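Heads up, there are several structures right after this.
Each of the two complexes below includes chain A, the first together with chain B, the second together with chain C.
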Partner chain A sequence: MEFRTCSFTGLKIHKPAEDLIKWNVITAVLFLTLGGLMGLLIGITRWPSVHYLDPTYYYRYLTLHGFDALLVWIIFFEVALVHFTSAVLLNTRTVIPSAGWIAYSLMLIGAIFVNITTFAGKADVLFTSYVPLKASGVYYTGVIIFAVGALTAFGHFFANIIQAKRDGAYKHSLPLGSFGMAAASIIAVVTLAHGAVIMIPTLLWSIGLIKYLDPGTYRLIFWGLGHPSQQINVCAMVAAWYMVSAFVLGGKPVNEKLSRTAFVLYIFFINVASEHHLLVDPIFSNWHKIINTSYVMHLAVFASMVHAFAIPASMEVALREKGYTNGLFEWLKKAPWGNPAFSGTFLSIIGFGFLGGTTGVIAGTEQFNIIRHNTFFITGHFHGTVVVGTTLAFMAFSYLLMPYIFKRELIMPRLASVQPYLYFIGVSMVSIGMMAAGALGVPRRHWDITFSGAPFSFTFDPSVDMFLSIMGLGTLLAVFAGVIYVVVIIGSALFGRRVAP
Partner chain B sequence: MADKYDDEEHRNKIEAPGTLALSLIFLVVFMVLWFLHFKWLVEVWWVE
Partner chain C sequence: MAIKEPERIWWKPYTWDEKFWVAVALLWMLTTFTFMPVYHFIGKQNPPFETYRVRNPEQFTALVDAMVEKYKVGEEEGIPVVHPEPGSDVFLQASMWQWYPILQLEKGKTYRIHVYSLDIVHGMSILPINMNFMVLPDYDYVLTLTPTTSGEYHIVCNEYCGLGHHMMVGKLYVK
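After this line comes the complex of A and B, so read on.
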């Protein structure tokens, strides 16, 4: 029997889709574990009173942290979402499951190449691998194989929805969760194409077949990969928000057309924001920079604001329908705060908006960017977007996948229900500590902010130590909550009590 | 999905007053924080 009916959602689940989702989720979580461990080590290195690693290992583990957490964990999870939204959510089958497995294997092989080379000390180039920093050819080969796998996986999305349309699985347009992942997949194709354009010559350069690569050109094309891939994350995260609201509360978008329009705005405008990585480079003219940072950026920000209003509103409408209609906020009080899928989603929305979003607008403003570029402020900003936002949203969604896809109950449900709160507080401390220190000028990617041995002495404002210590304490809390997450998810997948199919 | 909230009767009604109130509260808090932060920035970078 190829299909089963989920007893919680009534969705018809195709067995191959289910297997692909399981393997992608578990692999994602394993790489998050590795990335989180590296986060711990570099986090306590940037904590001045601990300053744990020596410089070689600091840069090596920083490379791995960026790669494993930002790319491997997130993209494997997104591939799970690809299969969830293009097959399961449409009550239909996944076409050519073997393509899904090829994609999975390529991504895994690529990730292993990169990890081994970096651990071996042959690629201390940070995940941006800016030339003229040079890694072993195996590193770039790994990145390319990973990207080809990811491209295949996102391509699978389109194959599935075309087949679903032929099978009559949906009539006019895709449900919102799938629509969001469609936007993500479109952006993914553009993004990964940039990846190929830049990584292939870099590979040839590293093995000596090309003599010279221009660093400015590298940065320009690299950020065509680096920034849009963050927009894949944003679309996938927002899609997960809508789905959790629908599954946990029965929430429906208050105005579906508006929400769809907001996704389309992402496709058109957010890629242009790649330029904010190059505002201090001489590549673009002032005209370019001003149009980009003063106008275009805000169209993408506007889209996020639409979602940030539409999703809590859909939750409110659903809870009001359940009868919590007293006053303005009874629905909020009576919301299922003990359900980690819900609380994780809500905290992700708040954190993404207020820690990641607002600071992104600040850092993306040309005049501010000049003083914030390459400071710890930037690192604080993106731990607000990609960790409190995307990572927490994916964690929340995976709590739903346990019963729906793995057919297991959560082990240690009490611990699971506090996990999102602990993680939120921990990463918020990391993010705020970094941003405050960065606003005082502390650089990112820097092992020695005392500049010992430098010909000129320089000291930061003394409050910097306090902010970096807040970051250090937050690191411990975030890692603790991360461990709970990994134990609960892996434990439930292996040993959780089976639920009726 | 679109049916329920897209009809005439619902079009101009605030369906989620709590969310609207929250948004306004956050807006005010954020503006205050922004100006405090701005003042701090000015002190850090330009006052010596």
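After this line comes the complex of A and C, so read on.
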């Protein structure tokens, strides 16, 4: 079999696994570019002094921004992580590489279907496509094909670890990075099943084979897809955090029992917790909502609190072992802040916890939800979790993949080393600006908060303009940092200096 | 190490700092998690959950029209202003892209506001107090509320409902 030994990590890398990782990462980055471009256009449209796009294009690009940046970029990257953790990390092979390529092709075809249909103006339904808002059948077909591809790819994880066990690649327990991706893959299967349950009837409804779909039921099952898919991201992101800490610093979790228990809590509790999306919906009793969002959600939040301790602790222990033992914080001062893989991971932890996590717990509370639901606050919250958290963590991890998998040095290493900081500041401005405006009532998914053409007009608190300008400036900074990222990654993959395999 | 198979026995006892952190986190979670249902009883503002299935949209529209006919006190921009019996059932209908009619409520009186959508999903955002509810077709959502501050309020749609979404602004008066 075709294996090489990585000169940085000592890992044995199977050629087909390497190819699958490369293609999935590059495709992910291309869709991030597209999603980011859409983000720029809609971001400056919501900046009142610029207000760039027409409403038609605003909602169209908003649909695409959600699909490309939230779904396509992240899931392609996660598929790369599937192969990385179930083959490379175990020093073993990816079984049936052709299944990996089938999954890759399905996801790509599905994503292209959705993009073309939306660009053509046949699916201005936003990412959530709440029925009875109807898109062309091609749109739903694209989503289903993409989901089938993703399901195949996550299924590959299980095939790989079963074979790895047979091959003796691990004897008893998976490494923690793989364990985290196992949790992600389990959640992915459950989540994508929800996707099938709701998207297939929606497709049939859009082409006229089903007469009626209940809008309340759609929202319930859609969020069984929509929110847990963020939990795939959380698991994958936390796995990436642990792996970066291990690769860059040699850090190991202080107690594997604690970290693994936390992943198991995610699997059990996060899916039902997605009912916080329906807190002010006319379905279900209060008790139904309380049990799902309060009881169950907080057990998942508890898991995040455990990781929030375990990962920085693993970094501290590793750095202290390197001799940085003066005072309480020498280890923090002497951490490799110039290494974008480390700084990106660290900032991702901070941003996910303080910007995304805390605000999510607040907005997911039954009573607070009344004053936050569907406002810009929610958009600010999930830019804290998904962008500062997951996207930045994946960016950081991809800086490691360049030498390990692509066998290339980073081009423009100086620029790469400031990229996570710029991106963190930019997206944090976006997130904070949105949350502040949303707390004053500014709605999300809204083209014009001056309500031009409306019979009545409402004037928001004047500070809203300032908060939305902070968001607008943050958008520019984040996009600038995003461009650096794309140039560095694609540039390194194509033209970076080759390093010894 | 996160990238290597752990030593055989990783089921180690926790150290004091881990125990401390887990205890703090668990306690915090338990507090928030009990307080939400507790607040449900002691708090004055909880999401309403009374809801009915609307099988026939015309029936709802008929109720709206009857209320408008009986209690109409004026008109703004072609939309009737309605001053219904204090403490009664009132109706608010959402459609692309209008809130119908304009309700005039009395301070301190409790109303049962039935909100309903004629076409697609809308979001009801009462500004500037920033209270938000989903409005779905086929569901009559009963918001039982007692206005406590008089003044002029606006109802803005905050769920995307097509190109005219930003024009969907209505009014609400509390006297």
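The working rule: the second predicted complex is superposed on the first by the 500 of 501 C-alpha atoms of A that agree within 3 Å, B and C clash if a C-alpha of one lies under 4 Å from a C-alpha of the other, contacts with A are read in each partner's own complex, and residues count from 1 in each chain.
Definition applied: a residue touches a chain if its C-beta (ideal position, glycine included) is under 8 Å from a C-beta of that chain, and two chains touch if they have at least 3 such contacts.
The structure displayed is predicted, hence computed values, not measured ones.
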Touching partner for A:P312 - first (chain B), second (chain C), both, neither: first
Partner chain(s) touched by A:A120 [first = chain B, second = chain C, both, neither]: neither
Which of chain B and chain C A:L209 touches, first, second, both or neither: neither
Touching partner for A:P175 - first (chain B), second (chain C), both, neither: both
Residue contacts on chain A - larger count, chain B or chain C: C
Which of chain B and chain C A:L89 touches, first, second, both or neither: second
Partner chain in contact with A:P282 - chain B first, chain C second, else both or neither: second
Touched partner set for A:V254, first chain B, second chain C, both or neither: both
First (chain B), second (chain C), both or neither touched by A:S245: second
Partner chain in contact with A:I200 - chain B first, chain C second, else both or neither: neither
Chain C-contacting residues of chain A that also contact chain B: 175-176, 252-257, 309, 313-314, 371, 439-440, 461
Chain B to chain A touching residues, read off their complex: 1-2, 4-6, 15-19, 21-23, 26, 30, 34, 40-41, 44-45
Contacting residues of chain A [partner chain C, same complex]: 9, 55-56, 59, 89, 124, 126, 130-133, 170-177, 214-216, 219, 239, 242-243, 245-247, 250-258, 260, 278-286, 289-290, 293-295, 298-299, 301-302, 305-306, 309, 313-314, 361, 365-367, 369-375, 439-441, 443-449, 451-458, 460-461
Parts of chain C lying in touch with chain A, wherever the complex brings them together: 1-6, 8, 10-12, 14-15, 17-18, 21-22, 25-26, 28-30, 32-33, 36-37, 39-40, 43, 45-47, 49, 51, 76-79, 98, 119-121, 123, 125, 127-128, 130-141, 154, 156-171
Touch list for chain A against partner chain B, complex: 175-176, 252-257, 309, 312-314, 316-317, 320, 328-329, 331-332, 354, 358, 371, 439-440, 461
